[in-house]
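Across the two complexes that follow, chain A remains constant while its partner is chain B and subsequently chain C.
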Partner chain A sequence: MAIKVNSPGLATSVQDLGRPGYYHLGIPISGGMDRFALRAANMLVGNDEGAAVLEAVFLGPELEFTQDAMVAVTGADLPPKVDGDPRATWTSFAIRAGQVLSFEYLKGGARAYIAVSGGIDVPLALGSRSTYTLGALGGFEGRNLLAGDELPVGAAPAAAEGRVVPAELRRMPGSPAELRAMPGLYWHRITEASRRGFFEDTWKVALEADRIGYRFQNGHPLEFVDREPPFGAGSDPSNIVDSCYPYGSIQVPGGTEPIVLHRDAVSGGGYFMIGTVISADMDLIGQLQPHTPTRFVSVDMAAALAARHDRRALLDKIRSALD
Partner chain B sequence: MKPRYSFGGDEHIFVEVDEEMSLEAFFKSLSITKAVRESQIEGVTEICPANASCQIKFDPDVIGPDDLLAKIQSLESAADEVEAVLSTRIIEVPVLYNDPWTHETLMRFRERHQDPNGTDLEYAARINNFDSVDAFIEAHSGAPWFVSMVGFVAGLPFMYQMVDRPRQIEVPKYLRPRTDTPKLTVGYGGCFACIYSVRGAGGYQMFGITPMPIFDPKQETSYLRDFMVFFKPGDIVKFKPIDRATYDKDVAEVEAGRYAPRVREFTFSLEEFQADIDGYNAKIGEALHGD
Partner chain C sequence: MANKQVLSPVPGTFYRKPAPDQPPYKEEGDQVAAGEAIGLVEVMKSFHEIKTDFSGTVAKFLVDNEDPVMAGQPLVEIDG
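== the complex of A and B ==
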């Protein structure tokens, strides 16, 4: 035992870089929604970048440490405190046995990543420590943390105190948030006017926004191209014969409110999709609060790969800055 | 049936084998995914067959999207030549139709249903022109089903009945999805049956419940110790109506770690099936109970 959960926050879970390889059985990849911030947090405390951390949503937990450790909090602007004394985000700080880590109210973003030197040492489930709550799999007993839980921490040499990710190397969504997406999948099902409108509208993050997917509101309803419903699809124009859903895919049930599937995605279903948010921008979705104005920006494969390259280059810069 | 390809962002290739559901489309999807799996292409991270489509996830830092697309297209045309024969298994799934738990749930969400004055079974029987719920259950449990996709949530099988199209059962989903579905509910939406592997939201009509767990992340269930998910695409399922006493007995057996599902190995031929559907399904029944 090394961390005692005094209060769990809103929905704090153990996450790493996920559990690939089981999507064909409906088990999603899971892992940190903002993997950029997760990696940076681990780098700051000297862990492997894929070590398990805590992902806290909107409200931080209160954690009592029973052993010394190095800690870093990245992602959302959720200011940490040690025994009530403020600490900086995106910066490593020491915590001693008996001290309590707590948080101020959220100032920006949505999800903070709390890395502890040694990593959260829950058992591996299908090769990952990530929590998949819908399947009660992985993490701490397959669920979000509760008061009274005792989290094991791995043994590892910690990095130094006061290591900082420079402000220009942090990555957070702007306002309005811009999510780059590649049109495709069932894009041909909507009219020319709706194709333009989808990318012109400013959407707003709905309250139904979690690890499975983010719902958006306030855009124009999509208009469909007429068709004879294919056998097995269902009569609604937004229905298809149940198919796989890509991570980041944008489904629009009934043509009204787009849902972007995230790390705990349902792996398939019967709603058509108009495209997919590119891999480089998946991190940003994890930092969107409800009501955040959001625009989708149409890009092609070349732009998606360039953005993927840029994201990796930014992580490389953090690695060099911390070396 | 001309497959349509699309990139799902920079990490997925999506193949719609056909717009409409058919066993042929499902077999084509299975053969494409099998060919991709056997090719062991570096950079491919997930291979997901679905009812009439499939999806390949890849790492574009390892293999270029266009290179992978060309590779899958060539595998697909080669898959055309292959005879549709499948080494699989037949599984008997006991079902307590009209059970108290789904009944309680469907009453609780009645205002979200097309027919607020009946049950899901009564509604499905009526719109599919059956004289009675019993006749409907006989059709539902009479012919076997192919597991044509595993997903939505962990371990949930979608199943497509092995009958010709005029005999396919079709029902709409709930008008608005429920926020609750009992674990192991036997459901129905569109032309697909399913078994809810976990408790949770759902939009499929609810016909009954099985005592047989199909997903166990703790791997304590006797037949899920090796792997936590029971079904895989290509499995053949035969529902067996059971009464409450048998259901209770099966649940007790599961809890005691003694329950053993009836499973038989089987080699399925699409051509032989299509030549004589009822005759072939009788053969499947014999393979399941012949010993």
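== the complex of A and C ==
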């Protein structure tokens, strides 16, 4: 035992970089929604970048440590406190046995990543410590944390206190948030006007936004090109013959409210997808609060790969800065 | 007599009623006891009852029914 959960927050779960390789069997990739921040938190405390951390959404937990540890909180601006004394985010700080880590109200972003030196040492499930709550798989007993849980922490040498990710190397969405997306396989299903409108509209994050997917509202409904529904597709114009849903794909049931599938998504179904959010911007979605104005920006494959390269380069800079 | 504020712990949408067909939890001028609910905040497909930590009289609601709220935003003032 090393961390006692006094209060769990809203939906705090153990996450690492995820569980790739089983999506074709319907088991999602899971893992932190903002894996950039997750990696940075681990780097700050001296862990492997893929060590398991706690992902807290909107409301921080209260955690009592029963052993000394180094801690870092990255991602959302959820200011940490040790025995009530404020600590900085994106910065490593020491916590001693018997001390309590708690949090102020959320000031920005949505998900904070709480890394502890040694990592959260829950058993591996299909190669990952990430929690997939719908499948009761991985993490701490396959669920979000509850008051009274006792989390095991691995043994590992901690990094020094006071290590900081410089502000210019942190990555958070702006306002309006901009999500780059590539038009996809079913682009031909909507009219020219709707293709333009989708990228021109300012959408708003809906309340139905979680680890499974993020729903957006307040744009114009999409107009579909007329067709005879193909065999196997439903009668709604937004239906397709069942297909695989990629991570990041944007489905628009009924043509009204786009949903971007995220780490705990279903792997297939019968809704057409207008396109796919590029991998480099999936981290940003994890930091969107409800009601955040959001725009989708159309990019091509070259731009998507360049963005992926830039994101990696930024992580390299953090590694160098902390060496 | 200082007014105390009840803050929303999470971002989301604020509701004055426990359900659309029920009366509001509290009206301005009502008495509240510590631990009593004053409203709901909806986020991530779930509803969170907002309870006050202190007792007194509901002085003023600071947000309207169905308004978007931020974490830490004052929802209601209680005259204790």
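The rule is simple: the second predicted complex is superposed on the first by the 323 of 323 C-alpha atoms of A that agree within 3 Å, B and C clash if a C-alpha of one lies under 4 Å from a C-alpha of the other, contacts with A are read in each partner's own complex, and residues count from 1 in each chain.
In this section, contacts are C-beta pairs under 8 Å (C-beta built on N, C-alpha and C of every residue); 3 or more make two chains touch, one makes a residue touch a chain.
Worth saying up front: this structure is predicted, and the values here are computed from it rather than measured.
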Between chain B and chain C, which one contacts more residues of chain A in the superposed model? B
For A:G135, select first, second, both or neither according to whether it touches chain B, chain C, the two together, or no partner. first
Is A:L106 touching anything from chain B or chain C once the two structures are fitted on A? First, second, both or neither. second
What is the contact status of A:D201 with respect to chain B (first) and chain C (second): first, second, both, or neither? neither
Taking the superposition as given, does A:F231 touch the first partner, chain B, the second, chain C, both, or neither? first
In the overlaid three-chain picture, which partner chain does A:P246 touch, first (chain B) or second (chain C), both, or neither? first
Just checking: does A:G268 make contact with chain B only, chain C only, both, or neither of them? Give me first, second, both or neither. first
With the touch criterion stated at the top, can you tell me which chain A residues are shared between the chain B interface and the chain C interface? none
Chain B residues touching chain A - in the complex, by the definition given at the top: 6-12, 14, 16, 18-22, 33, 45-55, 57, 60-61, 65, 149-156, 158, 165, 168, 170, 172-173, 189-192, 197-198, 200, 215, 217, 228-229, 232-233
Taking the complex as given, what residues does chain C use to touch chain A? 7, 9-13, 42-45, 48, 68, 70-72
Within the complex, chain B is touched by chain A residues 20-27, 125-126, 132, 134-138, 142, 181-182, 184-185, 187, 230-235, 239-244, 246-249, 266-270, 273, 275-280, 301, 304-305, 308, 312
Complex contact set, residues of chain A against chain C: 10-11, 57-59, 104-107, 110, 207-210, 289-291
